[in-house]
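Handing you this structure, nothing more for now.
Labels run A, B, C and D following the written order; every chain starts at residue 1.
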Amino acid sequence: MITKLKLNRAVLLISCPEKPGIISTVTNFLLEHKANIVHFDQHTTDPHSGVFFMRIEFDLEELDTSFEKLEHDLHMLGEEHALDWQLSTNKKRKRMAIFVSKADHCLTELLWRWKSKEIPVDIPLVISNHPDLKEEVESYGIPFYHIPMSHETKEEAEHKALELIDGKVDFIVLARYMQILSPNFISHFPNQIINIHHSFLPAFVGANPYVRAFNRGVKLIGATAHYVTNDLDEGPIIEQDVQRINHRFTVEDLKTAGRHVEKRVLAEAVSWHVEDKVLVHGNKTIVFA
Amino acid sequence: MITKLKLNRAVLLISCPEKPGIISTVTNFLLEHKANIVHFDQHTTDPHSGVFFMRIEFDLEELDTSFEKLEHDLHMLGEEHALDWQLSTNKKRKRMAIFVSKADHCLTELLWRWKSKEIPVDIPLVISNHPDLKEEVESYGIPFYHIPMSHETKEEAEHKALELIDGKVDFIVLARYMQILSPNFISHFPNQIINIHHSFLPAFVGANPYVRAFNRGVKLIGATAHYVTNDLDEGPIIEQDVQRINHRFTVEDLKTAGRHVEKRVLAEAVSWHVEDKVLVHGNKTIVFA
Amino acid sequence: MITKLKLNRAVLLISCPEKPGIISTVTNFLLEHKANIVHFDQHTTDPHSGVFFMRIEFDLEELDTSFEKLEHDLHMLGEEHALDWQLSTNKKRKRMAIFVSKADHCLTELLWRWKSKEIPVDIPLVISNHPDLKEEVESYGIPFYHIPMSHETKEEAEHKALELIDGKVDFIVLARYMQILSPNFISHFPNQIINIHHSFLPAFVGANPYVRAFNRGVKLIGATAHYVTNDLDEGPIIEQDVQRINHRFTVEDLKTAGRHVEKRVLAEAVSWHVEDKVLVHGNKTIVFA
Amino acid sequence: MITKLKLNRAVLLISCPEKPGIISTVTNFLLEHKANIVHFDQHTTDPHSGVFFMRIEFDLEELDTSFEKLEHDLHMLGEEHALDWQLSTNKKRKRMAIFVSKADHCLTELLWRWKSKEIPVDIPLVISNHPDLKEEVESYGIPFYHIPMSHETKEEAEHKALELIDGKVDFIVLARYMQILSPNFISHFPNQIINIHHSFLPAFVGANPYVRAFNRGVKLIGATAHYVTNDLDEGPIIEQDVQRINHRFTVEDLKTAGRHVEKRVLAEAVSWHVEDKVLVHGNKTIVFA
């Protein structure tokens, strides 16, 4: 789904070991604070001994306290019941950095959806290891930083990027960014870096996936959006989709079809992340779409 | 989704005018009865003045009372809070009648999914206005009743059908049943008769929809499963899907493609109905799939 | 398919009443001219008394005459065998005008695919009845003409548009152009104006299709790209697709989902048109994709 | 597509090294024999030095010779031009053996499409390494042979199967047959054994693919129909499709969804094979659907 958070809404995400009464506890808490529930989603990996996940979108209109007080009380509730929780409100938009290289299809889709208010975020900056997309980015009034990167300069370049984004962005989208981030960099943004993998996972291993797909004569090609972890391309999958092809498609045609499905899948995943609809559980996601 | 209800599970469906505290009220009630929530789904048409819908699947393992007592207490709760509710348990399987004419594709799909336990229902009988499918139905050990129907005998035939199913079935599936049911008949099974419409709705109006689709040169054909109301083909839509075609498809090919999408869409809709995942609101459905 | 025409390729489209030997006649002709066939597609509406359609993509590398001579000889062949034919070559790119109003999603998708060479056309100009998209269009280096249009000024406005495009464009794409073109205007571009209909056809009739789709509770929404004829939205369908939605989608969400499917469907249809893969037969198309 | 071959139709498949004039040569030949072309499909892997593929469906109504004479003349033509060709006619239906184990979903789908004349083949027998599906198969009037198979008896069992089908079937469908055929067995039916792989390829390697898909949290599951070669699951892909799932699907639900996509993909691939729409090129297929 694509619902934009309306004014004066908040989203509470909770995860905790499964035990009876969690829903009651939390909904009673919200009722007491006059926080009217708009959407409620729940999932448990196992009703007896699993992990419990909950997303509650609620109205702040009739809240009988300040948002800060609500946050404070939630902190108490979380302590008491050992809840892992996160509260966000659409009064404070998420801040997204985009990392790109030379390909612009994912970037353009994200910027268009941002400009047309489909993806309600702030974009403080775009970082690239190539200068090619500078003009396009700046035409949207967004600062563009070119940080060249080679094997030797990787540590320094990542350090420079971290300085630019530190405290200024909440999450990062790798929009066909052709560099592998170091574990150190990733550790600053756990489950907050979204990548688009140019294949349906499991994928053709090794170089030139489209050549391999062509040689194997597949009838569908796909793309996978996932959170970045230290295991390359093995992070939690957020969204996947495929596109039908046929024997007349050249390798070049496969790449074109791939671009179309990549930009669609990445933009959808980013939307869900922005609306706090994605919860991570180990190496999987729960998507309340 | 296709989850089969496991042993000792119950599903509680609730709808009521939106007001604060409903979730708390109901989850507290279940907590007090030691009914452990497994799946929780919720929807509201408008958080301020809309209608509230809720589906709760819960475990009966640790229930501290009898199921009858739970039902009784729910009755009290419903009275107090003006809830429209329905409680079902997988200990008592739903009973499904299938109405057919001559085409067997939807029937076969339903019977196969039933035999392979994908659709956990009892099928006390199949009724048809033609004798053609008698042998197939009886090969599954299911009684088959042939009730011929003409314009003149319609009232009598429906009366006969009602006698056969009265108190014996919970819902009816029209698996390409080529007769229009009377308002009187439908009134016995409100939102409990599922039909498969041989087109994507809105559809080509009038006779021979596949000829019309062919003549219009459409690139996709579809099917729609919906609840039957007195407004022909205008009842609440449960599920829709399409199938891609091309210029080489003859009218006959369109019909074949139509059969494949029809049987898939109908079977999916029936699964959701059986698992109490479909709630009706006016002329629409909420599907918690 | 998305194959871009390679250098030195030509496409020959032929239609004629079905009769034995057409394929032989034409392929012999090409063989004699050393025009090597790369792709060959054929369709007949009825092998005995129907209409025959053929698309031949061939290599110009070893052509033993000039392209002009080939064209001339084709003219003779067409006369002799009563063929309706059209020859195009990628040496001469098609020229596309885009008509827009205020919505930019289809325009942006087309311009991006054009800029990234996915759609190999020239775009001499964009015409709009509103000034809103001037800046975006001009940022691509494409002239933008604002021609206001009211009920009173329609004839004059269309006249002005015709003057601007006369002899300068080969076909027109209505990228969410919210005006109905007059029969006179359309007569200048028979089967050369592509429109995107904001619904899957058949569609919800009347105003506010998304409100109607919302009220009907459909589970899929769609879009249809078609050639413009004098019968509003009744022209030959080129491509259709759908997008799955659910009960949580607001009317606004439906519109957003609609935009995504619209831009995808329109861009695909334009690609096929540019590559001469679409033949029109009465009110239908044959798409050799 | 699903077109059934009409009465008095033939299909000619041709492959050969690419060279100018092939289409002319063959269509002239057919014209001389008054064989009216109904459908013509062509593909080349490379117009200069590749392999050329052609499928011609033609009418036998006005053939000026016997079918045997046509076949004889084709033989001469093939010799002269070094063509690899295959001629079939719907007067002589293909004969299909089905191999099964215990799962019946693919078998049932194939038998239903066969019974309803969607797949126009003869089915002389079904062979299984388990007795479970005997009753179902025989209810269709088809002989069922139970050939138990263990590691020790494999050679003997395959020998027995070969004796049963030798000269009696044209191709074999492995409808969830849980045995690996030996290279010797496969060599009797090159590109004439169709298997359904329970995953989208590339797939989760190793045992329990659905558990692996579940653990990886994929959002789509798929199936792949392919010809059997000595490289397990590496043969030419005929068709693939996917089905959307979500986080609520249990491993059991994934298997159910897998069954639905498997039976659909396998039946489609079998249809195309029966209608001679699939040509094999190395490890890939050209599907003229």
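Here is the rule we go by: contacts are C-beta pairs under 8 Å (C-beta built on N, C-alpha and C of every residue); 3 or more make two chains touch, one makes a residue touch a chain.
Predicted model only: the values in this text are computed from it and were never measured.
J.: For chain A and chain C, which third chains touch each of them?
T.: B, D
J.: Need the most distant chain from chain D, centre defined as the mean of C-alpha atoms.
T.: A
J.: Over half shared numbers or under half: where do the identical copies chain A and chain D land at their interface, same or different?
T.: same
J.: Please compute the C-alpha centroid of chain C, do the same for chain D, then give the distance between them in whole Å.
T.: Centre separation, chain C to chain D: 36 Å.
J.: Let me have the rounded angstrom distance from the C-alpha centre of chain A over to the C-alpha centre of chain D, please.
T.: Using C-alpha averages as centres, the distance is 42 Å.
J.: Listing for chain C: what residues touch at least two other chains?
T.: 39, 43, 246, 248
J.: How about chain A: which of its residues touch chain D in the complex?
T.: Result: residues 43, 200-205, 215-220, 222, 236-242, 246-248, 283-287 of chain A touch chain D.
J.: What residues of chain A sit close enough to touch chain B in their complex?
T.: Of all residues in chain A, those touching chain B are 20-21, 23-24, 27-28, 30-31, 34, 36-44, 47-48, 59, 244.
J.: Help me check something: in the complex, which residues belonging to chain D touch chain B?
T.: Counting only chain D, the residues touching chain B are 1-4, 39, 104-105, 108, 112, 116, 118, 139, 245-246, 248-250, 252-253, 256-257, 260, 264.
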